[in-house]
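Chain IDs A, B, C and D follow the sequence of writing; residue 1 opens each chain.
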Amino acid sequence: MRNRSLGLTLLAVTALVVSACSNTGGGAASASAPAAANPCAGATAHSGGTHSFPTDKTKWKIGVSTDVGTVNDKNFNEYTFNGAKAGATALGAAEPPVVVPKDASELAKNIQGFVDQNFDIIVTAGFNNGQATNCAAHANPDIWFIGVDQGPPCVTPDGLPDSAFKCAGDAKTLLPKYVAISYQEDQPGYLAGMVAATMSKSGSIGAIGGITLCGPCVRYIQGFQLGAQKVNPNIKLFVSWVTTSDFTKAFNDPVTGKNFGAQFITTNKVDVLFQVAGKTGNGILDAACDAGIYGIGVDVDQALSYPNASKCTVTSAEKKLSLSVSTDIANIVAGTQKGGDDHWDAKRDGIGYSPFHDLESKVPATLKQQLDDALAQMKAGTLKTCPDKCGDISTLPK
Amino acid sequence: MWSIVALPLISILLALVVGAFVIVASQLVLPGAQLDLLLPVTAYSALLQGAFGNFDAIVGTLASTAPLVLGGLSVGLAFKAGLFNIGARGQFLLGALGAVAAGITLAGSPSIVAIPLALLAGFLGGAAWGFIPGLLKAVAGAHEVVVTIMLNYIADGVITAVVGGPLRQQGRSEAITPDVGNAALPIIIGSTGHAGILLAIIAVVVIGWLLFRTTLGFEIRTVGANPDAARYAGMRPRVVTILTMSLAGGLAGLAGAVVILGVNHLMTPSFGTTAGFDSIAVALLGRTNPLGIVAAALLFGALRSGATLMEILARIPKELIDVLQATILLFLVANPVLQRLFRLRGVKSGLDTTETLTKTYSGEAVVQ
Amino acid sequence: MDALINALYSIPLVGLVFQLGGYIIAVGPNVAPGILQAATPVALAALCGVMCERAGVVNIGIEGIMLTSAFVGWYAGVLLAPVLGTADLGPFGANPALVVALVIALVSGVLISWLHAWLSISVRADQIISGTIINIVAVGLTGYLNNLISKASPNGAGAFTQFKPPHELTDLPVVGWLLGMFLSQGPIAMSVIVIVVIFQVLLFRSRWGLRSRAVGEHPRAAETVGIDVIRVRYRNVLIGGVFAALGGAYLSMEATNSFQQEMTTGRGFVGLAAMIVGRWSPVGAFGAALLFYSSTALGNSIKFARPSGDLGTILVGLPAQLYDALPYLLTIIILAGVVGRSIPPAADGQPYEREATA
Amino acid sequence: MFLSPFATEAVMTIEAAMTPEAPVIAPALEMRGITKRYPGVVANDHIDVEVRPGEIHALLGENGAGKTTLMNILYGLARPDEGVILLDGRETTIAGPSDAIARGINMVHQHFMLVPVFTVAENILLGEETMAGPIFLDRKEAHRRIVELGKRFGFEIDPEAKVGSLSVGWQQRVEILKALYRDARILVLDEPTAVLTPQETQEIFAVLRRLAQEGHSIVFISHKLYEVLDIADRITVIRRGKVVGQRLPSETDEDDLAALMVGRNVQLTVDRGDSKPADVALEVRGLEVKDDRGSVVVQGVDLDVRSGEILGIAGVAGNGQDELVEAIVGLRRPSGGRITLRGQDVTRASPRAVNEAGVAYVPADRHRFGLVLSFPLADNLVLTDYYRRPYARGVLRNDQAIEASAQERIREYDVRTPSATVRASTLSGGNQQKLVVAREFARDLALLVLDQPTRGLDVGSIEFIHRQTIAKRDAGTAVLLVSAELDEVLELSDRIAVMYRGRIVAIRDGRTADKNEIGLLMATGGQARAAAPVAETGPAA
């Protein structure tokens, strides 16, 4: 009996396969045209005509879709969420719900979830969300999207994400409500480098990145190198990466970070250490404290965000993730925000260095002035903070 | 019929009760949280709505189900041969890698060529990752559980190295592969219903056919149920072990290929998967039977798919799905207790055709 | 002398071995304390494995036990810090909240081990499935709660700090760096050495050890001499839970004072690998854990300070991933019996049913 | 506690008590009316046994007579359904091994309860540890006592030797030491000589006699007549769960005991008719086979089985029959010799090749080898030829053919089942065996190998299988029958080969064989009587 029904199923499915194959065959005929497969197949428009934004600004619905990982990652996810929260609070709107994908296959679905629920502003965190956000923005040109670390957007003339990376389309006009945030990481890196070279007595300083495959990490450290050399052309810079193979170890494993940092310090005898490694970096700061040397934080003021290491965190190279998100939200509601590349650099106060806090007394009085001068030059656009091959790891010492 | 579905159904219902309890209890331990006794209702109705609320939701559930069916078949097939494939995760990743590598190579070729070849590459990638533990088990008695766990970790490293290296798209500061182009699976239902759903159905039929209609399937089942009898009957348990693990790896690899070609279309080094461990739950809940696996995969696919809306509307973290999953398994495994509790007689637990999986942990080679 | 060394260096393979030895001696003292720290959670996981499997219970839920305890300890610290205060109690940066939280973490490890014991010993469920359930439930529950909790960014009760041994000790020739390695540690890392020694001695010299091993090798024989197999197995699994919990607590209360989702990152499984490579003995497992992280440390050292000569060319030429993957590869190689076959207790993983009821 | 030097006096008193004239003192152990039922079988049926202090008491019976069950009850490993146990005249309940040990009862199990990777000392200490303080073992003291104990009973043993590396004879000594270390008053030995060489046996006997002299009571379970006569002070014979007699060695001889043990019940007889032996189907020459532990258990067996005859192998279980059969059917690789089937060399052939050469095999352990209990009957009926036409077409199973043939065979072989789709595990033992028989008998065969084909079956099934076997013979198949049931061998065989310690020690004509003689040969290998003929080879007329 069961056997027979199995046979029937077999027949039915064979029929399905045959029809599917013929479908595919038909598809293939038309597929000879380039880029037949729409990379945005899953992204659909919300229901119910054109999206209308609430007139009462406390009624704005803001949602956050993070990158794979956790909300409290001391990184994109956390500060993006904090920024959205701050933006919502400023409006008097409800705290944004946050969706955390469990793996990469959920990224698009999470964004679509907010679209289907008629959210007004959807904030997505991290580079991995870039393609999905671009697609959703393309399908829903009447909803605002803020993509952190996704700029500048690279689109085809149709406004779809450009897999060939030719970037022939103009994102600003094609996707008028997609705000793709990017940061000039080499600028805060440069400032951090100046601090490191000033604070170093031995003339040896270090920088540790999470993984070589992280573009912003590379730019931070490239800036760091130039900044340090500006203060002390003879400075000896050691650069290392926690891992080449494991993203968890690179950004999510403070225990490994602490170990790695300790070994780095004892081997290279540095006395100032800059880390660009997320939560793994927290462990690196711990190692700096344990070794009695200075640590430099990244992204936010880590003397505050990671109090465990505040006693030795002399400053942090900040890119103001939360500020940029909350500012953009305010601008959107106010009607002044534009789509496209949303680049945050010194000119917009999108980057900076953190106060010295408890270590103020140890810092030479002249340093603050030098930093502010450098910041002013950055704003004026007269300071080169990244080598010509910006983002190319080969410029860094091995 | 009741004897087959009673235990899974009771387990699922009890797990939902436990989940509700967790939702309520967690409000008690959180500082400053308000107690909302109806939160479980809100959460579960959002979950249901997210999974089956409308056509798109249902299609989304189907798309989430497809890799779980393939993964469940992988684990289930291995169970049938008395093997515990805890390495579906690594095989999934290698399958995804194989598919993306083939996909970007064939991105400009006609779909009719590119898709089958990319799928085949995915299958082979996973099969290679299943062949290793199968071989080591057969010739040296290395327990497949430990070997596959180790291979899961090695798979992570391989992905990062390859995506960050040879497959990396030039000109971008982040490690990301190009798009698979024409190798992408066509959408056959709604907006997200890729052809992987069809592939999963085909796989169910093929594996069901293989297991119950072919002589090889009979050998696989005999080796799993009674390896001594298999040897007596002139079968070759070693060959069957290697073959089954490779096939199981291939199925998990196909799951990875389906996700890459049907959903993501490209790969980054942080491409991970929940499907690997979900597959174990699917296979166990589905009693290692292909049709049972479809039902179990639908359940977990719906949970995974509906969880997004649960997180948006009820603000319940997705990890609740893991809790539900583990609790279902817990009740299923503790079935002697359930049977006593619910006075179920003659109800079968589902894994009774397979001998204790830890049996060969002591490192004996498969009998010749 | 120099001539001799040069001569040795000139022989291809021998020269390399000498170079490697020289390199390790040069960097060893610097990295040794770090190796022990990195190895601590893995070693504790491995000890849990030895404790369970010596009595015949396979425990692949160690990862889950560690994760649970890491979370419970950290969050107990968060809740207790305002109540008990974080006044320094003296050594190791201990404070009342931290100490009580550690105890709670250990209790949580015992409780979740009890679940595994019940499923695998009393219910006689498949032990691997039971362990898998524990892993999934731990990831789910800790992730769920942490997700809710972390939105408020609470602070824990601090972390245990490392002991700073006096310079006179660590500056001693030859043994100085070894003393430094064992003494520049926090309380949990230091306790590992103590546990390993005591466990090793008890396992092979005490009544408890004799009975545990008998139950893992030949439970029927143990029962015929009047040993309660079920009780021995329960006891060992619960004690193993304490070890795993200590490993989890190390992550969130000594190495850091924070909890992150899935922060064990596979250390429980690597612990199992260490157990296998260490042939189910406490000292062996500990040694294997140290070996694993020595490999990582070597990989790091090569990044920081490239060794000179041929050795440098070879070591740098090896894929960097290899150093990270060594634990996994080594385990597979040993399981495959290519080198040094490792044989588990004979009744490992077999549910035990009393004959008397027949 | 150990017998101190002062105990010598006590021993003498006991010896005095043992003289026949002396009044009988309270037995050290008395088991009264012990009854134990297992589903479908009464293992012990109101058994009464008493063992006096300082006595070696033999329990004699065939395999499956219920001796081991009785001793498991004594040791607390099984509960009696009825009956009481008295120690020194006082009624006691024994709930488990620890109870038994506490009361001075120790058991040496047929399958040694030793941990191979432990040392001698560790094995002996286990459960009864000599401690130095509350935690640690006192190895020194333990070693001293073990060595001393060994010396007292006439052997020197290294307490640090790994048990797994010892010979079986020495393992046996370790088992006995283990009991003595616990100061056993009553020592039960279950088939202690089953795996020993004659020399080892004599050495162990010397130890046992010493023990008895020192006042220990010994229960000696065996089915070997001459050994029992050699060692026992008194003999209780058990057959089919009942005590059938009690003897003093002085009052009996091997013939008498064999008769008691085997019984002279009226047999269910099958008319076996006349055989018409044709060409030699199976030829075995100089076969040597090792068991799982690597000891040679089949030593130079020569055997011929002709088409159309039944060759029965009689022998006590564990004399190499299983290994012989497994070697013939390809499951075990011989370490020497040659097996030829109808002129074709199959010495190293795989099970499948042997099967395809026309050999069918009904294994002794049908649950382990013969059946897949979780599979439906139909699948079990094609377990060995599922891949052949008509059950398979290429890679595909032909479910219709499988189903049809299943129906037919179930009918033909009278398997009582509701349908062919139920699991084999739902059938009774008899029907399960019929299932195996139905599968193995169904095709044309060159050779049919039956290993314990009727063990544990009901009378109806036994008769059925016997008739089928004879029908197969009459159809011209060569049949090799191995059975521990002497009656079965006598009843079916055209020729009978007696196997003892891996050798064929005698071949007799099935119709004229004397049961007592065969029983004796089985039990002694002919060594006890010089008259026993040397092994004959080749067909006996």
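Note that in this section a residue touches a chain if its C-beta (ideal position, glycine included) is under 8 Å from a C-beta of that chain, and two chains touch if they have at least 3 such contacts.
Computed from a predicted structure; not experimentally measured.
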Item to check | Comparison of C-D and B-C by number of C-beta pairs in contact, larger one | outcome: B-C
Checklist entry - Per the centroid of Cα atoms for each chain, what is the distance between chain C and chain D, given in Å? => result 48
Next on the checklist: On a C-alpha centroid basis, what's the spacing between chain B and chain C, in Å?
Outcome noted: 29
Checklist entry - Distance-wise, how many Å sit between the C-alpha centres of chain A and chain C, to the nearest whole number? => result 34
Checklist outcome for this item: dist(centroid_CA(chain A), centroid_CA(chain D)) in Å evaluates to 74
Checklist entry - Which residue numbers or ranges of chain B touch two or more of the other chains? => result 157, 160-161, 212-213, 317
Item to check | Numbers and ranges of chain D residues touching at least 2 other chains | outcome: 399
Checklist outcome for this item: Going by residue number, chain C touches two or more other chains at 143, 147, 321, 324-325, 346
Item to check | Chains grouped in pairs wherever the two touch, ordered by label | outcome: A-B, A-C, B-C, B-D, C-D
Checklist entry - Considering the complex alone, what residue numbers of chain C touch chain A? => result 27, 30-31, 33-34, 37-38, 41, 143, 146-147, 150-151, 153, 155, 159, 162, 251, 255-258, 260-263, 265, 293, 296-297, 300-301, 303-306, 320-321, 324-325
Checklist entry - Can you name the residues of chain B that touch chain D in the complex? => result 212-218, 221-222, 225-226, 228-229, 231-235, 352-353
Next on the checklist: Help me check something: in the complex, which residues belonging to chain D touch chain C?
Outcome noted: 75-79, 96-99, 101-102, 107, 109, 113-118, 122, 125-129, 131, 135-137, 139, 178
Checklist entry - For chain D, which residues are in contact with chain B within the complex? => result 331, 350-353, 355, 361, 363, 368-375, 379, 383-384, 386-387, 392, 395-397, 399
Checklist outcome for this item: Per the touch rule, the chain C residues reaching chain B in their complex are 58, 60, 75, 79, 119, 123, 125-130, 132-137, 139-145, 147-149, 152, 154, 266, 269, 272-273, 276, 319, 321, 324-325, 327-329, 331-332, 335-337, 341-351
